[in-house]
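In the two complexes below, subunit A is the common chain; its partner is subunit B in one and subunit C in the other.
Moving on, here comes the complex of A and B:
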């Protein structure tokens, strides 16, 4: 289940930032390695909100440094 | 010239002309909280009186720092209205960067949101935005303000080293607003969605003062999440939005992503509709074809405006096929900021439009765009040296290269000046970043360049790249390239954490030989770019 969720989130993030999934590493820094900026970061949150019916606060953007962080956030909000 | 010459006059005229119509609105606790033009005047008066009580007199600087919200507008109008000088600050900057700008501007008071105050705790007389409505009612302080008096200082760079504040007078700002108001039939009944940071000159004029001047309402987006933006559009009937290229890219990609998610049939249908739209020349019919998209945007959008950086013409064309016009404009903070703009009647794909009626534009022998008009700043604050570099015989040298077509439409074709313009329309000055890079141990010298992104959601936009020449002496025994590369990448990563987000270094390239320089030891950036194949 967890792996499933990770895969889903990775695929969704890849679609939003339009970078092939295989280029995205779980530990890569979203901002410095994957070129995400705040606008794009907010768009990632929006896509996750829609998919999982959650509401990730924009203020959390600074805490979400890696894809792994985002996955953790989604897991917690889905509880 | 305009009949309204100062911010104070604009406030008074609009109070009398538009009275109870909504000037600003924002969603709080599920309800839209509205500020009429009359209420805006009254609250700005109370705030101006409070500033006077705190000893602010004509010409004194007052900083403004917050996320986008109606109180930001109230603060700006109150400060400029009572003869003070508004210093809008970028909420994305670090505390240290903001302190530097507060010191340079000599701001004695700051009008700040609670969220920003809790984050930074500045040692300065402050007025919390959340408390503006609790201030006692008062008449607007009587101060004689002339069009040539300063209304704002807008910092475009120098958050680390030498600050560069663009001084804008009441005449600069209102002449620009006035000229833009002649291009668009905008007024009460229109509703702008405010998305871009308000300290950005493009949003200040096009998204705040412009609509306010024309009696249109402004809805402050509850968040930047696309579904919140579209919800605000649907709930309030937004008619116009000013955005930066990256925002339109995201909207555009979002449309295709949704189609993709709906499966093969929808994909095929969508492709057919796009094919059909290509054969139609009526925007009305295109809107009918893509009614679903229009409903998503609230169904009342008249047009979008793109500024701050160059937008990909394919995105403009794509929206055009959906029946949504995206108009491109051009300008600089130094010109308050609009110089040219496409309109619904006069629009050319790829062009930034014709000059505003009160702006003269010429192209020099070297191809540089120069501009003259009542909107051109008197200069940089306390920096006559920098002013002299860009204003020569009354002409503002933009540092951009361009050409006119036969019908007077301007096209931007390049850049002379050494700045990087990101997709979010923010300027990054290479020297600022180089200053920090060169402080890292093991670096002999560096050159920062703007390089266009080739893939991803930010394709076509510039990002910050650093070309670094290592100091091989520093590495001595471990001077193999992979170690140096790893070390520099780690160090720049650390540096990135300290920089405002838009200044972050996206790529590091190592160069083993010295950077090419002029006889005065200035780095030849063009040559570096060519030699590195960028």
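Moving on, here comes the complex of A and C:
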């Protein structure tokens, strides 16, 4: 289940930022390593919000920097 | 990625929250009482040193809310862009000013005389500014924005920040492209004193966000905001080639 969720989130992030899944490392910084700009970062959250119906606080926009952070955040918010 | 993702953007902009009782109070400074004198003085200086020609003023919608969006070359851009507008429009305009200027007491003093000013942080925390601008537009007032986010140091048009697209598409507000020519030669970034010259201001036809609102139904919201912002930039580039 956890792995499925991780795969699902990775796939969603890849589609939003238009980078192949295999090029997204869990620990890579989306903004500095993968060139995601801050508003495209918001779009990742918008897509997660839509898919999982989770209420992502604005403060998380600045905290989540890597795919691993995002996965962790979704897991916490889904609890 | 299919479908409209704008629900989260709307949440961040608090677009579905009721407006405060007096949403414009924060921007209605007592400095505004000096505004007629300021623009009178500006007009005298402009007649003597930098005559301003304006074209396309008929393109400004008769009723707000709307957004005036211009290129940014100089501190003289805003007063030059609005100098020829009717007082009734100029007095209602709310200008977005970066914290770099707003946090300087002298600059803030003159900005508040010249316009109703909204402070923005384009680098680290843009949502409070977008919320403030959205609040002003929802209250039925016009705003003035320089989507480059900073003055161009070369005179060339810089890439645009997407905030203007977010506001236009989410609030269904038309955007009037404005091209200002001449202020770079008169007082570029970093110059302490102005030089005489000529200023041209061209107002283009408003961009209707309706087609973009339609596109948003099947696309990522961010892509649509970006596309709207790119159209605005293209329209301002076209105005830069106009004979005015």
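By our rule, the second predicted complex is superposed on the first by the 79 of 79 C-alpha atoms of A that agree within 3 Å, B and C clash if a C-alpha of one lies under 4 Å from a C-alpha of the other, contacts with A are read in each partner's own complex, and residues count from 1 in each chain.
Throughout what follows, contacts are C-beta pairs under 8 Å (C-beta built on N, C-alpha and C of every residue); 3 or more make two chains touch, one makes a residue touch a chain.
Computed from a predicted structure; not experimentally measured.
Counting residues of subunit A touched by each partner, subunit B versus subunit C, the larger count belongs to B. In the superposition on chain A, A:40 makes contact with both subunit B and subunit C.
Judged by the touch definition given at the top, the superposed model places A:28 against neither subunit B nor subunit C.
Contact with neither subunit B nor subunit C is seen for A:54 once the two complexes are overlaid on the shared chain.
Residue contacts after overlaying the shared chain place A:19 against subunit B, while subunit C stays out of touching range. When the two complexes are superposed on chain A, the residues of subunit A that touch both subunit B and subunit C are 15-16, 38-40, 42-43, 45-47, 49-50, 58. Against subunit B, the residues of subunit A that register as touching in their complex are 15-19, 29, 31-32, 35, 37-40, 42-43, 45-47, 49-50, 58. Looking at the complex, you find that subunit B touches subunit A at residues 92, 223-228, 246-247, 250, 253-254, 257, 260, 422-424, 453, 455-459, 463, 493, 496, 501-502, 504-506. Residues 1, 3, 5-9, 11-12, 126-127, 162, 166, 220-222, 225 of subunit C are the ones touching subunit A in the complex.
Of all residues in subunit A, those touching subunit C in their complex are 12, 15-16, 38-40, 42-43, 45-47, 49-50, 56, 58.
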